[in-house]
Amino acid sequence: MHAPDSPDSLPVLVVGAGVAGLTAALDLAALGIPVVLVEREGCLGGQAVRLDKLYPSDHCGFCPVWTDAAACLAHPLITLHRHTSLEGLAEEDGRIMAQLAASPPAVDLDACVFCGLCLDACEARGVPGTIKMRLEGMLSAPDTPPVPYLNPVLCSRCGECAGACPTGAIDPLRLDRPPQEVRLPVADVIFATGFTENDTTMVPEYLPDSHPDIFSALDFEAWTSEAGPNAGRIARRSNGKTPRSIGFIQCVGSRDQRFQPYCSSVCCMHALKQARWAKRRLPAASVAIFFTDLRAIGKGYEAYARAAAKEGVLLVRSRPGLVFCLPEEGGGSTPAVHYEDTGSGELITAEFDIVVLNGGLTACPMPGRSGSSTQTGSACGFCEEPADVSRSVVQGSRAAALVAMRLASRTGGGL
Amino acid sequence: MIQGQGNIMHNAVRDKVRLMLAGREVVGVLGLCGEKKGVVPHVFTTAEDTARLVLEPKWPLAKTGWIIARAFPEGEALGMVCRGCDVRAVEELVKAGQIRPGALKTIGVSCSAAQAEVCLCESPSVPGEEPVAGIDPMSMPAVRSLCLEPDRLDRWREHFSRCIKCYGCRNSCPICVCPACKLEDDAYVTTGTLPPDPLTFHLIRAMHLADRCVGCGACQESCPSGLPLLPLHLAVRNALRQREVSLNGAGSLSLMTAPGAEAGTLWEDTLGGRSNGRRRA
Amino acid sequence: MSGTPLIFICTCYETLSRTIPRGVLRTGIVARRPNAHIEFVPSLCRREDIDLIAGLIKERKHASVLLAACSPFARGNVVLDGLARRNPAMQASLVDVREGCAWVHGGNPDAAAAKAVDLVCMGLAGLRCREHSSEFHFQPVRRVLVVGAGPAGLAAAGTLARLGIEVSLAERMSRPGGLLNQIGRLFPYNMPGREFLATFLSEASHPCVDLLPKTSVTRIEGDPGRFEAHLSLEGRDMTVTAGAVILACGAMPVLPQNRFHSGELSGVISQLELETRLNKLEREESAPAGIAGAVFIQCVDAREDARPYCSTICCPTALKNALRLKNLNRDISVTVLHRGIMTPGRDLEELYRQTMASGVRFVAFSPASPPEVHGDGFVSSVSLTDALSARRLEIAADLVVLSTPLKPRPETASLAGDLGLRLDEIGFACGTEPMQPLVAPTPGVYLCGAVRWPVSAQEAVDQGRAAAIKAAGFLAQGALDLNRLFLPGSRRGPASIRTEACSRCGRCVSGCPYGACRREKNGPVTVCGIRCRGCGLCVAVCPSGAVRIPEQDSASVRAMLREIAPRPTALREVHR
Amino acid sequence: MTEPASDILSPNGCPEIRAVVFACRWCALVGADRAGKERMDLPASFRVIPVECAAGVEPDLVLRAFAEGLDGVAVMGCHLGGCRHNEANRSARLRLMLLQDLLEIIGLDRRRLLLSWGTAHEGYQFAGLMREFTAILTGLPPVDSRLLGPC
């Protein structure tokens, strides 16, 4: 086993607590290797817990993930730093020194008992709505219940809340404090920083953000999720009406020489999933996916796509040239998609009450990943190569394996 | 049943029994023995003895057979002249590992259509014999009035209130062979109350038998208060069959096998509308 | 040692008392439990609080403690786990009177108070009939059996060896490498297959790894931590005892049986055949003779009703080989007939772009009107309808390459059966989707590579490493971490069967989702503690009440129900 | 209509309803917890008993619950296909549906046994079920041993 006070008992740094990071951390800890897990956000689970459903199992997004999140929180060998990001890595006398920036929020999640006393204190004194009980992250995993959120703009820094808080969890002054630099010697690093959705405004022809009914894929997920604002109901953002038709446009800003040449590889299935759920919840609505190549190649994915087609999801091989707005009878406007029906070759303009733009996902940076001479640490998950949940967790375990092997070779012999 | 046929069948069975005994296949053959006052179950061991073998009336023997033969060492077997339900019961007992396969050798005798009517039996004939038309229990007024009529609750209340908790139904049941029984466990059935609380005493039994009941009616026959237990068990068995068919399209009666055909089935609940999709104020 | 449990009620800094006044709660409880020991505390979840109550319990000599506090998901678990760490032997249980009561019935304080009393009494009832299952240890054998020495199996073995774990690596064929032996170059970087294989062969040639060629696994018995695998080495039977098993027996290529006149027209070959030819040509550095036009047909025997899945690797393979053809002879016109090019991600998409740049032509067809291959003795041309332009095309070809998918190996089913793995409708093995795709429901059983789903060589080795570290983690733990599996905070042992009450009817055996209940031939039914995860299905189906989960016994549930049961009230009197 | 609607009202105008909820701790228990966190206002008629899996709920104990005089029993598990115990909840569903049928056969209202598969993992979903369930039970007379006992 891993000797606790040998020089190699330095912890392994895992950057990012998405599904890949969580898996890597747990796999290492299972071998008795201490782990420091840093997460930029307040809640664990990364993008996965923000998903309403997962394909192909149609499992809820957060449910499978929080088991691992809870295990990480409970594991004696895993130290978690929320609201902390990796700034860079330095080489100091043969050891890797990680520079972390911790910017603790006004409310300390680990100390808060959610009693709500701060709200009362604030309401008595401050501007109403300065403190709100709000879900940490879009979906609340049980390890992140609704916590008091201190609005930095409204807050007068009067400190009433801090006075009322029985556990000293809340402190408005933290709002103004600059991030604290932390330096931490680590044995090795695993990057699992995940991805961010590209700014769709890059793609002018699809009028992104110009119409409330044009969504990015993750916006749509949030808008329609069972834990979201509409509790699983699908409605138009413009007028709250039930949409008669929904169009999904694939490869928006990806597989596109102007922006992102590569394929994000998760969007086809993501769109299929959203389309199927839309169809389940609104059987009357017509749902279409405009794809370039329908890349459903994983385990059970093809079957999922076939089921979608059987359920009446319209699959159109086409890359629409234009999205624009048409006036609606009774005021307002509705987006319309202009595309070529590749089968017949004719140009079609179709109105869609909701248009979902699916595509460009960019890997998050990995500070210090490519060192001067060679690459440090191992990367896993989307930040290494576009990957969905089931691929990310495999990559996470793989990264853990590589690190464990490196440590073992250092100690000579097994762990 | 016409007398002539009866005699032919009777002789055929008697010959089978004699053959069994002669061939030393079995140590004895359990059957009904005619006496002056009536008939009693009896283990026939000699050819001449079988002269007293009678086939009527229908008398469920499976439990008796099990009690005699369960302790038999490897190689020993007991013959049994019995009806279709008993044959099924023996199969169930073997399936449930309660008796060594082959320890009970059955000589099946089909019931008459008239008998089937009495027993609410859907398969009165035994394999190998020419089929006798069974009846669908759910079509019989006896069952319908108890299990479908609006006022059935009152009927059941009246019936259950007559139970004297003698455990006759369980003790005579060829399926109820557990060494311990939930009906005697205070965690399930409150002990020391009469009549027993029907919700537990009778319904727990009904649940346990749902996928096993062979419809022999032994429980009902042995009930001193004449509770209509057979309709209850048949109705439950029927309900389970409906469920099985609707869930996995097969008639395989089992409370364990998970329906496979509907893999990936999604959210549902038993309150009329779907509960997800609408936030309530 | 006092039998009566000590009750701690956390008022959460008096916020609870706003809805449910202390007095009401106390009188309510005492009315039903006259000699209850009740302690009100402002908070339970800070470290000092836990220390405090742990001390109190010790000094007052209480065997068990009931915490009436917030929900397990809020802070409840923190307290329970904290107590368990300080005093493992203690019976502690938690009832949620905040989220579960005060916060949802704020509008009706009386009802809330009544419910809180019920909840506390339920907790007490549960504690009374609750049994403490003994600490559950097991000593796994520190050896892993890896079935199949393809890239996945080799990587798994190599990884485990470097982590100091003994490995038995069983390979059907005479030499390791699996399908990789037939592959000359690997997409996307066109790396020589031999080179790639060599790195993992050298990794796996390690004193810890015991490579068994020409060995097939006939049967696997036993339980996690001590599997007994029966192998046959060229007919000679042998047994390997391993703590964990990694299934890496791969998949096999479908051969195009007389599809597109393969077999009758010469020049119509399978992708694998082309692979071998290219390997030969590249070794001899000679150009392909007498080939002017080559046509690749994708999705042959795949993505159709008979075989409704995409085999993942055929597209990149075709692109790679198209490029190789081009590199051998620029003048060969190469056309790829496809139903969508499946090259997700960064590198594969790059490969796609390279291939297009090199002049390889891509034509999409729809399954409704598949291409037709023409020729007489020799293949001459391929005709099809371009799905994107609906135009008819006639392409001259003297080489037609059919891309066929991978299918599950026959032995997968039997091994999966032994190891409690489920198969998907195609016959590939399933892990625990979505978070643990390489982990079987049975602890200590893992899968990697094409046995789960067709994968590239690179992905196969990645999965091999992943499966390896999972197995290593499993062998590293001395006792199963029950807290992670069972009710929050309360450690729970496996189900147990009272033999004298068991009728051996086998309902639990056929019902158990983990194959933990089993009946030896006319012996008693037993529960395998390592497999059991305490779902309680066996308890629910047992007709004689012989099965029980020690920490949540039927008797205790019944006792809880008693506490909920409405007391006789005026209402009921009227009813009478 | 198998049971006469209850016309007996307690002083505060609504029948005293008691129900027990067997909540799978992977799904419905989370919903119950969230309902609390969001401080929703629910009828105080139900008591939650957390279970590891809906498959572990004994039909016999459900009957016991009715015999104890409870008006309703709810069993809530993961959605089918999402069970944490290798599809165990599918067979649980079959067993409990059969129990509903059994109640129906002897003339008790099947709605007294509420089954929910993956429909209670959000706070509002759990709340909605509890409100509807209570409303339904309010319309039914108390099941009491007395109700089925000697007349």
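Each chain gets a letter, A, B, C and D, in the order it is written, and its residues are counted from 1.
The rule is simple: contacts are C-beta pairs under 8 Å (C-beta built on N, C-alpha and C of every residue); 3 or more make two chains touch, one makes a residue touch a chain.
This structure is a prediction, so every number in the text was calculated from the model and none was measured.
For chain D, the chain whose average C-alpha position is most distant is A. Legend note: the chain whose CA centroid lies nearest the centroid of all displayed protein CA atoms is C.
Among the pairs B-C and A-C, the greater number of C-beta contacts is found at A-C.
Separating the centre of chain B from that of chain C, both taken as means of CA atoms, is a distance of 43 Å. Centre-to-centre, using mean CA coordinates, chain A is 23 Å away from chain C.
Computed centre separation for the pair chain A/chain B is 59 angstrom, with centres defined by C-alpha atoms. Centroids of chain B and chain D (each the mean of its C-alpha atoms) stand 32 Å apart. Along chain C, residues 73-74, 511, 541, 554, 558 each make contact with two or more other chains. Touching of two or more other chains is recorded for residues 57-59, 114, 142, 145, 226, 231 of chain A. Looking at chain D, one finds that residues 30, 33, 37, 59, 61, 64, 79, 81, 87-88, 91, 95, 118, 122, 124-125, 127 touch two or more other chains.
In the complex of the two chains, the chain D residues touching chain B come out as 1-3, 59-61, 63-64, 66-67, 79-81, 87-88, 90-91, 93-95, 97-102, 105-108, 110-111, 113-120, 122, 124-125, 127-129, 131-133, 136, 143, 145, 147-151.
Residues of chain A touching chain D in their complex: 57-60, 63, 114, 140, 142, 145-146, 226-227, 231. Those residues of chain B that touch chain C in the shared complex are 96-98, 100, 177-182, 185, 187-188, 208, 254-257.
Of all residues in chain B, only 147, 150-154, 156-158, 160-161, 182, 187-188, 190, 195, 197-200, 203-204, 206-207, 210, 232, 235-236, 239-240, 242-244, 247, 255-259, 262-271, 274-276, 278-280 touch chain D in the complex they form. Taken in their complex, chain D has these residues touching chain A: 26-27, 30, 33-34, 37-38, 78-79, 81-82, 118, 121-122, 124-125.
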